[in-house]
Every structure is written in C-alpha cells, then in structure tokens.
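In this document, chain identifiers A, B, C, D, E, F, G and H correspond to the written order of the chains, with residue numbering beginning at 1 in each.
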Amino acid sequence: MQGNEAVVEGAIRAGMRFYAGYPITPSTEIAELCAEKLPFVGGKFIQMEDEIASMAAIIGASLAGLKAMTATSGPGFSLMQENIGFAAMAEVPCVVVDVQRMGPSTGMPTSPAQGDVMQSRWGTHGDHSIIVLSPSSVKEAYYVTIQAFNLSEKYRTPVVILMDEVIGHLRETVNLDEYGDIEIIERKIPEDIENYLPYKDIENGVAPLIPFGKGVRYHVTGLVHNEKGLPTNDTKIAERLIKRLVDKIEKNKEDIVMYKEKGEKEGDILFISFGSTSRAVEAAEEELKKEGFKVGIFRPITIWPFPDTRLRKIYPKFRKIFVVEMNRGQLYYEVDRVVKREGEVENINKANGEFFTPCEIVEKVKERIKNGF
Amino acid sequence: MQGNEAVVEGAIRAGMRFYAGYPITPSTEIAELCAEKLPFVGGKFIQMEDEIASMAAIIGASLAGLKAMTATSGPGFSLMQENIGFAAMAEVPCVVVDVQRMGPSTGMPTSPAQGDVMQSRWGTHGDHSIIVLSPSSVKEAYYVTIQAFNLSEKYRTPVVILMDEVIGHLRETVNLDEYGDIEIIERKIPEDIENYLPYKDIENGVAPLIPFGKGVRYHVTGLVHNEKGLPTNDTKIAERLIKRLVDKIEKNKEDIVMYKEKGEKEGDILFISFGSTSRAVEAAEEELKKEGFKVGIFRPITIWPFPDTRLRKIYPKFRKIFVVEMNRGQLYYEVDRVVKREGEVENINKANGEFFTPCEIVEKVKERIKNGF
Amino acid sequence: MASRLVEEYFRKETLPNIWCPGCSNGIVTMAIVRAIDNLKIGKDKVVVVSGIGCSSRASGYLDFNTLHTTHGRAIAFATGVKFANPELTVIVITGDGDNAAIGGNHFIHAARRNIDITVVMYNNHIYGMTGGQASPTIPRYDKATTAPYGSIDRDFDICKLAIGAGATYVARGTAYHVQQLVKLIEKGISHKGFSFIKAMSICPTYYGRRNKKGSPADMLKWLKDNSIDINKAAKMKPEELEGKIIIGEFVNIEAPEYTEEYQKMVERLKVSVK
Amino acid sequence: MASRLVEEYFRKETLPNIWCPGCSNGIVTMAIVRAIDNLKIGKDKVVVVSGIGCSSRASGYLDFNTLHTTHGRAIAFATGVKFANPELTVIVITGDGDNAAIGGNHFIHAARRNIDITVVMYNNHIYGMTGGQASPTIPRYDKATTAPYGSIDRDFDICKLAIGAGATYVARGTAYHVQQLVKLIEKGISHKGFSFIKAMSICPTYYGRRNKKGSPADMLKWLKDNSIDINKAAKMKPEELEGKIIIGEFVNIEAPEYTEEYQKMVERLKVSVK
Amino acid sequence: MEKKLVIIEDWCKGCGICVEFCPVRVLEIKDGKVRLIDEDRCIKCGLCEMRCPDFAIYLEVKKDVEGVNAGK
Amino acid sequence: MEKKLVIIEDWCKGCGICVEFCPVRVLEIKDGKVRLIDEDRCIKCGLCEMRCPDFAIYLEVKKDVEGVNAGK
Amino acid sequence: MRSLEIRLGGSGGQGLILAGIILAEAAILDGKVSVQSQSYGPEARGGSSKAEVIISDGPIVYPKVLKPDVLLALTSSAYKSYKEDVKETGLIIVDDSVEVEKESKVKTLKFPILRTAQEVVGKAYVANIVSLGVIAELTKIVSEESLEKAVLKRVPAGTEELNRKALEEGFKLGKVEDKWVEQMI
Amino acid sequence: MRSLEIRLGGSGGQGLILAGIILAEAAILDGKVSVQSQSYGPEARGGSSKAEVIISDGPIVYPKVLKPDVLLALTSSAYKSYKEDVKETGLIIVDDSVEVEKESKVKTLKFPILRTAQEVVGKAYVANIVSLGVIAELTKIVSEESLEKAVLKRVPAGTEELNRKALEEGFKLGKVEDKWVEQMI
C-alpha cells in the first residue's frame, strides 16, 4: 500500500465522507483515490476550482455533518491558510493533509522535503493553536490519519497531517488487522439541545458540535464571538475565547502528543527527527551503534503541540542533540528553545530535493564531534 | 501625520512608483493615499481583485522596473503568502505592509494586535528567509519604510513592514527634515550586461536585477533554477540556491538588524518588546524605575532576522526577561530560544483587541516576581 | 414585540442592526425573509452563508443555520454545505466586493457546476465595510476613496458574467422594487440549480455621500426612476436604455444540477457493481 | 543548427523540450512565435508570462523576457508588468487548469479592465503536469483520474465566459489549424485591449490515452474533423453544431484600454492642478 | 383583520425612507425618530414596513381581532 | 530560394504527426525517429515543420542559394 | 513638561475623529507635540466612536489616553462609558441632551452643542466643530488662530464659512465658564 | 535476515514504476516484507524514471535503495547513471540495445528485453513485464506463481493474456544463466 493510499484508507475508516481538493504533486493520489472510493461508501468527492475553495468546502461540509478532508502540498497549503484560520476560530473539525515537496515556491515539485514544519504551526494570521501529525511509515500514515480525525472531532479543530513525498509515494507492506478495534470518535448530539451553546466557555475544552439542519440553529463566524456564536466586541469575551482556543490544545498536550523513542535512554547522541527522515536516522543509529556510540532517538509523531515535556525530561541524559530534517532548520528552533544548554543542539539539514542517506548523517555527526564532545 | 500616511510618504521618498492592493482595515488608508498621490509623482496605483493578485502585480511591476509595494492586514497577508514565497525564490524586491489587527480569522477587524509575528517569518511553504521590520512610532514608520525599500533592493528580497493598528492609525507630530540626506538605494544596471547572470551564485549575496525590456532577456521562475534563471533538477544547484537564499539574509544579519536599547545596561528586568507595545513598555519602565527596579528595554526594529547576537550579549546581565506582546506569545519563542536559562523568560501577553496599559505591565511584572527573583 | 417576520426569522437580541441609517441592507435582507416565508420552507433546513462586508453581516441577524465565512469565499463554503447535505436550502448573501472582486472565481465555478444554491448579491457599488473603496461594479467615473479622481475601470456587469459562466437562473432587482425582488428571490430559491439575484442597493454613507446622491430616500427614488423592466426594455432602443438598470429575469433554464448528477452517478455505479 | 525561428526566438540550450511525444504544446508555442515574428515586434520588448502546468513551461524555452509564475496567477503578474511599463508587449501563456480553474478570477478581471494583454490558453481538457486530472473544460462524461467514472461537471465554455466578462477580443483556434491560429494570435497581439485566444490542444498521454482518442495524429485529425469556422457555423442549425468546435473570432471590439485610461487620468489631473 | 401601525423607537434610525414613500404622507421624523402624524389617514398599505431597513415600523394584526378569528 | 528539409534527430520524439500530415507521405518513423523516405518527392510545403511539436523538422534555405541572394 | 489628555466620545457619523485630528493639528501649529488616535467598532458607522488627543510640550511616550483630563461626550452612552476614567481634577463636557449624574466627583459642564449646530449654525454635522470651540475656549490648550487654521485645512471646500461660524459659536458657548482652566494650569 | 535491493531504471512511459509495484506485491504474496519507491523529474514524462524495491524477510528500516543488489537498465542513460551504485557482488541486467562497459566489476547480463516485447509478445509496452520475468528467474526473490498473480491484479482488463505471455518470455530469457543466484544466496 502507498502512503497516500494509507491516508485515504485511514480516513474512510475514521468516517471521512467528504473530500474536496485540488490536484497537486505529490498529494494527488489522495484526491484520485477519494474520487474512486467515496461513491461506494456513501461519501462525496468534489474537485474544487482551487485550494481556497477546497478548504472552504470541507468546512462547510463538516458543519453540514460529514467528516471532511482535503489534501495538498506546499503551494496549495499556503493558499489554504486563511481558511485554516477560520476553521480554528470557528472550531470546525476537519483534516488537512500536506504532502510536503521541496520549496520555497514551486521549488522542485516531485522532490521530497520537510519545509512546511513551521508553516503548519504559524501559517495563518493571528493567535491560534493547531494539531499537526507526521507519520514515518505507510502503516503509521494509516494510524495517524485515524487519530487526526479523532483529535479533530474531540478538540473541534483543524488537524494537519504533515507528510512528505517519501512517505506519500512509498509502498510498504501494511497489515491493517493490527488496528482491528481502534476507537473512532463520532460527533454526538447532546441530550439537552434546548440550551445548546455552540461555543460554550468550557475551560480548556469545547462544546459538542451539532450539524446544521438538525433543528438547532446557531451562528458560525470568524469574528470574535460569544458562546452563542454571535459577534461581539466585548474584550473580556475576546480574551477568554482566544485563550480557550489556544489552551484547549496546549493544556491538553499530554492527551494529544504522540512520540516514539528508540535506542539508548542515555548516552552520547540524541537524534530528533520525524517523518521519512527518521527512517534514515534509524539506519544511521545502527551504524553509529556499531562504532560504539551510545545513541538515542526521539521521534515526535505529534509535531505541534511539540512534546516538549518529554524532551525536557530526556535530553539532559545525552551529551549532544542532533535535529535531522529535510529543510534548512525548522523543528530545530523548537528543540533549541526547549534545550537550555548553549551550543549543544546541532542541525543536520538537507534541502536539495534528495532524501537523506544514513551515511551522510553518520558523517555529519562524526564531523561535528570530531573535536570531542 | 498618521502612521499609515507615514508609510506612504516614506515609500514615495524611497522611490515607490507602483502600488497594487486590496482594501482591508486597518491598512486601507495606505491604499487610499497611494491612489491619491501616485498620479502626481509619475507612479501607478491599481486596485486589484484580491490580495493574491495584488502581490502578483507588484512582483510583475518590480520586474518591469518600478519599486513596488502593497499593504494589507492578517486575512490578506495569509492570502499573499504563496506569492511572497515566489518573490523570495525569484528574488524580486518588493515591500509588503501588514498592519496587524486582531485574529485569528476575521477576529476583531478594527482592534490592534501583534499576532502575525511568526507568520511573517514562516507563512509561506518551504525554506526561505525574509526581512521583517516593525516601527513603534509614526516617525519610525516613515524611516523604516525607506529602509524596507533599501533592504529589498540590496538583498533582492521581499521585505515585510509589520505594523499594528495602533501605529497605523496613530497621528503624531513628525518632522521629516530629520531625514534630509537619507540614502536611497537605486537599482543599478551593471556595465557588463553581455554576460549577465540574473541568479549568479554569489556567496551570501545577489546579482543586480535588470528590469524587463532593457535588452537583457532572461527567465524568472519559482522553480529551482540555475544562474540563468532556467529550471533545473540538479541537486547540487538546488542545495546552493536554497542555501544562498537563506544565507544572503542570515549571514548579513549584522547589516540588516536594527534595534533600540533603553534604560539600564544591567539590572533586574529586561523588557523585550516591539511596535506599539514598546510604547506601553517604556511607560511601564518609568513606573518601575520609580519603584526602584533596575530596568532595561531591548526593542528590535528588525524582527526577522532576529537580533539574537545582540540579545545574547545583553541578557545575561539581567535577572529576568519579559517579552511583552499583543498576542499569546510569538516573539517569545525566539527569545526563549536565545536565552539559555531555564524559566527566566516570561511572557506578558494580551490578545483581546485592547492596547496594553503601562499599569497592566507593571502589575504583571510585580505579580511574577513577587516571590523574589 | 416586533413584526411577525422579525419575531419568526430574526435573532431579536442582535437588533437593532449595525447598518447606517438608510442603508438598504435591511430592506434586501427582509426581502429574502419574505421570500422564504412565502415558500414555507421553515427555518431548520435553511442555511444562510455569507462572506465579509456590511451586507454579509446579515447572516448574524437571521435565525437560520447561519455561516459567516471569509471574504469572498461564501459560495465555496456553501458548496460544501449543499453537497454534503443536499436536503438543505442554501442561500448565499454577499456584497459586490465579496462576490464580484475577491470571490469571482467561486461564483463562476458554482454557476458552471449548476449547484443548487441561491446567491443574493447586495450591490452598492463600493466596499461599505472598509469605508467606501471602489468595487468592480462602481459606475465608470464615479468616485470612491480608492478612486479619488473617478474610477477608470469598466464596471462589471455581473449578470452578464453569470450568464457567461452558465448560471441557469439570473435576475436583477432593486431595493426600491421590493415586491418584485421578493418574487425574484422566491423563484431563485425554487429554481433547481444555481440562481443569482443581483439586488441593486444603496450605501448612503459612502457611495451616496461621495457622489452627491442625496438622502437614502433620494437614492431609492433614483433606483425607481432609472430602472426599466426587462419586458419593457425589450421593446426599447439601445440609446434609450443607456445608463438604465434593467430589472427582471434574464435567464431561467433547466440544466443538470450538480448534487443530483453526483447522486445519479452513485446509482449508476451501484448498478454496475451488482 | 535549427530552423530560423528556433534560432531566433528560442533558448536552444533548453531544447529538446520536456513535453511528451506528440503533445501539441510545441505546436501552439511555435504558433505564438510565428505571430510575433510576423508582427516584427522584436524580442526585447516582449514579455511572456506563464502560470504552472505543462503548457506554462513554454516560457522557459522562449528567448524573450520570460516570467514563469505561480499556478493560476500569470494574468495578475502580467497586469503588474504591463501597467508598470505599457511599452512592453505582454503575452500570457496558460493552461485550462491554470486559467479556467484556479486562475479564473484574474482572467475575468483583466478582461473587465480591458488591459492590453494577450492570453493564449492551451486547452487540453485536463491537468497535464499533475498527471491527468479533470480540468473545468473537460467534456461532460469524459474520464480523468479525478473523474474515474466520467466527469459530471458541465464543461466550461471559456470563450463565453470571456465575453461575459467583457473581453474585447475573443477567438478560438486549434493545434491542427496552425495558420489560422497564428493569425488569431497576431490579431490578438495587435488588438489594443484584453485579448483571449483559446487554442484547442491535445494531451495524448493523459486525456488521449484514458479516453481512447488514439495517436497524436488521430487527435489532431479529430480536431480537424470536428471544427467549424464561425462564418460557416453562422449558417448552420444548432443541432448540426452539437459537439462541434467553432473556431475563429467571436469578438473584436474597441473599448477604453486600462493603461491608457490611467494615463489620460494623469494628464487630466496635471491640467487641473495647473 | 384589523391592523395597527407599530413603531419600534429603539430601532428606528430616522433615515426618512418610510416618510418619503408613505403614499399618504402620514409619517414624519421628529428628534431623529419616525412618528405617525395621523393614525386615521394611514391606509395600512404596509409600504413603510416593506422599505424600512431597520424593521422598526410595521403593521400588527390587532390582538382582539385575532382572537375572534382564532375563535372561529 | 531553394529549400532543404532538415531533421534534428536528437529532438525528434517519433510522435508521427509529421508523417501523418505530410501531403505526399514521404516521411516515416524508423527506430523511434522520423526519416525522409524520398527527398525528391518532398514538395517543401513546410506542413511538417508547422505541426512538429518538437521543432525537429524544418525547411532550411540552402546555404549557397542564400549566398547568391546575399550577393545581390 | 505639561501634557493634556483629551477624549472625545459620541456616535459614528458625528465627526469626532475629524475633530480629534483637527485638535491635534492645531496643537502642532502652536509648536506643541501631539498624538491622536481613535477606536471604533467593526462597523465604524452607527455604533459608538471615540477619538483621543494628547497634547504636550515634549515627547509623548504612551500614545493612548488612560485618564483623560478632558472628556467631551455628545451621547449618553459615551458619557456612561467614559466618565469613570476622567481624572478627579479633570473636566467633563457634555451635550445638554445627555443626562448626567448628580454627584459626580469630576466637574461636569453641559452645553447645547448639538442644538447650536442644528439651530444656530444650521447643520447638525458641524457639532464636532462647535465642540472644538467649546474645548479650546475652556482649556486654552490650543490657540484660537491655530484651531481656525486647522479647521479650515480639513473641512470640505465650500463649507469654510459654515465651519468658521460653528467654531465661533463654540467659542461663545465655552466662554460661559473658565474657572476650571485656571485651576488646571 | 536476508534482504535484496532492486533498482529498475529506464525512461518515463516504459512502465517501470508499475513493474516495481508488481514486484513488491509479489513479494508480499510470498509472505515477505517489501517497500517500493520511485522518483521522476517534474515532468514524469519523457524524462528518465526510476523504481526501487527492497524485499526482505523482516522489517525494513531505510526505505530507499542505496546500493542495489540488482539493477535493471532498459536505457543507456539509466545504465550510466546507476551502474556505479551496484554492489560488487550484485548483478546488472540490461536490454541488449544498451552499450555496456567492457571491464565492469559487477556481473552484467544482456537480454533482448525490448525486442522480445515488441517482436515475440507483440507489444512494446510489455517490456516491463518481460523484465520482471527475467529478474524473477535470475534472482528467485519471488515465486513464479506470486509474480503471475501480482501481474494479473495490476494490468488493465483485457490484457491479461498478453502480459502472461510477456512474463513467460521473461522467464525463458532468464533461464539462460543462473549461477549468480546461487552464489548470492
């Protein structure tokens, strides 16, 4: 199964019944497979006129009651930013897949990269939080997609699946039976719909979302709004709203974050890496182990919110930290922030359209530590 | 003179002769004044169909030889991101003014905020660098605008002026005579146009830009390109190009960064703040001084690249660092990264559409240090 | 207490509305409500989607399922709503800036797809919400804050554009001719497919003041005096129609509707799989 | 060595082009070159702006001032170029996805403004560059990777749209009828104002293969056999024209051109200031 | 069904539209709000209601009469 | 002016368009490239050049003849 | 260094933002430093509107008015919203249509500003200029000449006389009471 | 744990990516683990094309081929680009139209793959399936049955016979030489 295909399978499994999109390499297979499969599961597929419209359409569809997704790559992801911000503000669940390719701009459209890490967090204007997940295998793409829908329903928020071309186009043996009884979070209509407040001020949380057409009429807007969803200029309400939008994610970080650790629990080198790159890092780890280094790997699956609590715990046990990314340094900034030790976070970057080889990583590590730790 | 007006005056002084834009509060006065004034200085004003087109048009105009600008606010800035990335990749000088208002999404359109700090750095996909300047007074808006054009020509890059509603709409006494002999960087056509390479691989630098129609025909693209501007898949060229795009800014940081310092050179509290907020911070500083605190202020005018070298030098002399922003914490991340001391960077935030009062800042500072340093 | 229509179809707590004295947005909004009321479709299955602008604020006042989106994108959101649940009656409220400037692409594509949405565009020639800039429908040489010396753009005939894009119901009404406007909206909603109703509106605050158009009542009178019914216009010479607003139905044709076509495709596939 | 036109107007180092065997992009690109050559406007004052797509890659091969932009935005960039320096001859090369899907809004607004740009749209019914998805101009029921069971969308008549948007020169040609296409492009370039030429093209790789249209030559022959000149078509019945491609000039009218109008405004202001 | 003209003063912005288009001209603006000058001359045509942008003037079906209808 | 048919083998992709539309059918595809079968029968109409998507076949004004023209 | 903070409150359309601008510009003509800012709802119309001016002899650090020395309120809602902020030593000027609190700690003066504009000058929309006259007369923070110049520079061509008249009438109204000023300065 | 890395190189349109997918799927049918990836220029057409398959008994960490055990090259340019990467103990399979280096360190075998497809099977486009037959026969990395199943699952309806024939012919070609396999395993 291909990575892009796993996303579609995972999404359908999670209950996705609406896809709106606009073709772009290397995400296009996701649209194509949705076009093929959705009619058979009672779902809808529509090719929109652009990515702005695609993002708008999935928000509309989600409000009308269907779990909805779109997929794109860098240029399209840039165009979606305004409406991603709308989804964040109006708290409409939806899933956006960004299969990263090399940028900036049109860049090298068929070549892999991980250059949208920071954009996925900060691409839209204004304060907000967002959940971003990044799988490193085809199997994980399937799993992460299901979790993306779950998290998006649970926290009423857009969730970004940050893939890269390598995983998107990779075909790998996958056994879906492993996920036999995976939980799927469905939208529940509360008992008491009389007093329904779509934007109830729940500390660090959200009210359930009742779809349009179910007899509960309310207002949805990108303006600052009160608990009923109606626009307001009340600065107290504004303060609480924005705080809640951020806190419902930041304060539930421990529920949201996923990561994997591998190798030593303490030692010389801690690698931090995600997505396809972590596969090269794992291979490099094997090499370095052979050469006697004590190596650990920390792989965030949840990129945002970043699992900083965990990293804070483990990094002091390593002498040197390497952030390996297919870009010129992005997650690096977050790691460097968390690690309160001068000069001990190092960047291993590659941004030329080629995938990392393990050997490059090994060499760079050795080069950087040739003068000892 | 109003802040937005100062931008227009500065721009015209710097040689801006093309403005394309789309109205949006609180930046609209910039468009309106350009519509009024440009016809009289031989310039062109056009209202485009949206912000995407506005950004595109100024890039086109810049290539055709005119210094060009657009202005917008959050929602429009989000829409411009794709083409800002194009300008970065194709190295086309231009100036984008973002007069920040409260977000996310439509937010509170007439209320101030500083919520686009990270977006201005990371809003477009892929790796790139960008210059972002933020004035804190009307006079400085004038000055910064001229420098924005200068830097954009010098480094062939889009430059963002990150204003906020407070400065945009503030009217202040301004004496332009102060800037009597300010330098204006003009586009020079090199002697040797025979062997002109529009994307010459100059270490940390750029080739001059010859406008279209001057007899030197070349290609401009958002694809990875060689020195002639022609598309290539050569990974070595790609690596060098992306590196140069980043390094021409990062490696020239010391030429680019501007900041102001005020108050003590060492002491209890170091405030870091920018834009209008720093005015509240300065007022708070006066209060705190009265109460016996030793307070310093570090105010970056260049937000990106962030003046980290300087900050690294001065922060160790202060016991506590406060980042004061009209958002829920953005520049904070960069400061927290630079400051390698656990738990000593504190956030003072406000994101409710209201401007900070000095007294709020004083209170928050006291609250945070009530248990002593 | 308020009128039956207000009690039934408005969120009273949100009134009075924020519009300027004499702004016709309220007149057109009430015309939409009258149309819905006449059609007896109830409130629960009606979704009103709007963009950003003075006109687009209408959605907040109305007691339907209401969705106030981003500038220019209302039709794209509405497409998602309608396609996800074709049982809903989806009405888009938009302005001339929202729909004819930034939102043009979604407009022509929805028209092309012939998806069953009714779009009512409040046409006041300017961007009201941002303080009176020129919209694409501003008459040539009229003034606006971004056209201080008179607009040099050719004004956009959005009905012609809608027809060019393939819309199957296209009509123009005015804020003066309320009864007719209600009828046109009713027919637009009943029409299976994409319907577009351009409602000629007035913005006394910006367009009116800057172009010396007098009081709100004067502006409505101008609409009265300068509108010609399409049937009457058919018998007139082009010179006589110069500068006039032709009102009535321009297009009303049957064509395959998008969500139905999708459903048909699904049925076909079911058969072919069996 | 290569032909005089290639030597003179192409960047030979970039050839052979990347297009598939039999792709008509080369034919249409050469038609543009012939038109420019016939008009004797030289190379230095010509700017070719393109979007993103197979067709849009043409700009890289041509030895003019060339600007390969972002997907769908070529016309907006071109507007900046032309308005900044009206002495330049600005030609936009675009695809049906680039122009009719994502770029639709810039297209209609440039037409409305009547800015002096010539747009040549290579219409191959699909998105070639991304591997054969449906474009808005795909004929109903034809297949594409995103329309595996046949497209249910109504196909977009972009010439009709251009007319609806107010374009002052609108024509359709084909990759088979090269001489005529050259003439149409020549007239488009000479025309003062916004010109649109739709060039019916072939994508043997994706559209052709999936819809069993045979070899590149077969596809060109199909264009030959199914095109009818507009003059001839005028005398035919609608039934006879069903499924046919009408080629020739649809609109060729005079109207105020944007950059000239701006200049006139500047002159007016100078006088009024004196 | 008998009708009564009702004015919601709080909502009226005194724009004067209803005044201008009342066929019998029984409305006026006084201190920025509309006022019915002469109830008797009002023909209950509803044109003021139709054009009021603020939903501030309308014809109400009188309660008692309604009661009678309802009783039927 | 005498003309000569030139084929740029490196650029020809063997699509067969020129073959199909040559009015006298003197072209063929051989090993994936176009080939002129019979130079004499070629009427130098230039239709192959006009439709070749790869600019790989064209009529060249013969050098010597050119020389003569130039000498005039 | 002396500095005076002034807030003008009323409803959108009353031209108070323009009044603030004029006041600030008059101060500049007098050789002083001034900042002017405003705020308005999303509508900028119909709703409430607020303009603020700070006039000072030296640089102004904090650009917004925190505790106004002078509040002008043309509507009840502006009065209600802002009266608490005014310094105890300050001055509140209201239109006489506004119901004021009996026991205010702050000196509060009523003037028939709207009525003067409508009935004496003849156009309701010059109430903002009448207000300026009142404020200038009471506070002496700007000179009459500078204020007149500033007004004439900003008002639409053709309305100069009307506005000059409005200003005059404002000055006249303000003359009634000037003790507060003395106590201030 | 045994694992074999295979790279298929040729030009766009030769169907090598499909071949890679089929090979990977055949391995899965055999109960093995496989990954398949590809790369292509921006055009994905005309230009060169590369497919890679790793087949292993256990989990595959690094998903790309670094040093192929087996290289199939249908064009000279593919041969030139990739031959250096092949392991010294590996195997290079080329179409016989490709000019090969005289003194290669790596065992290199030539087969008339393109010709067989065109002339024996009758359709040039089945060269990819012929190739698969050759590879399978030489390496035994997948069983003949699984490969046939995988081929039939992926090829367009109506072309099953043709492809079965192509596979047969591939097997036949591959039979010529099988010593390398023994030495490998």
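To be clear about the criterion, a contact is a pair of C-beta atoms (placed from the backbone, for glycine too) under 8 Å apart; a residue touches a chain by one contact, two chains touch by 3 or more.
What you see is a predicted model; the values in this text were computed from it and never measured.
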Exercise. Count of steps on the shortest touching-chain route from chain B to chain F?
Worked result: 2
For this session: Identify the chain pair with more contacting C-beta pairs: A-C or A-D.
Result: A-C
Problem set entry | Inter-chain centre distance, chain D versus chain H - centres from mean C-alpha coordinates, in Å | 42
For this session: Report, in whole Å, the distance between the mean C-alpha point of chain D and the mean C-alpha point of chain E.
Result: 59
Exercise. Just curious, how far off is chain G from chain B if you go by their C-alpha centres, in Å?
Worked result: 36
For this session: With chain centres taken as the means of their Cα atoms, state the distance from chain B to chain H in Å.
Result: 54
Problem set entry | Shared-contact residues (touching 2 or more other chains) in chain E | 13
For this session: Would you please write down the residue numbers of chain C that are in contact with two or more other chains?
Result: 19-21, 70, 101-102, 104-105, 109, 129, 131, 136, 149, 153, 262, 265, 269
Problem set entry | Shared-contact residues (touching 2 or more other chains) in chain A | 25, 39, 49-50, 52, 75, 82, 86, 105-106, 108-109, 111, 221-223, 231, 233
Problem set entry | Residues of chain A touching chain H in the complex | 25, 108-111, 166, 169-173, 276, 279-280, 282-283, 286, 355, 357-359
Seminar exercise, completed: Given the complex, residues on chain C that touch chain D span 101-105, 108-109, 112-114, 136, 149-150, 152-154, 156-157, 160-166, 255-256, 258, 261-262, 264-265, 268-269
Problem set entry | chain E to chain C touching residues, read off their complex | 6, 8, 10-11, 13-17, 19-21, 49-56, 58-61
Problem set entry | Contacting residues of chain A [partner chain B, same complex] | 52, 73-75, 77-79, 81-82, 85-86, 88-90, 100, 102-109, 111, 113, 115-116, 118-119, 121-128, 221-224, 233, 235-236, 238-239, 242-243, 245-246, 327-328, 330, 333-334, 336-337, 340-342, 350-354
Exercise. Okay, in this complex, where on chain C does chain E touch?
Worked result: 1-6, 10, 15-17, 19-27, 30, 175-176, 178-179, 204, 215-217, 220-221
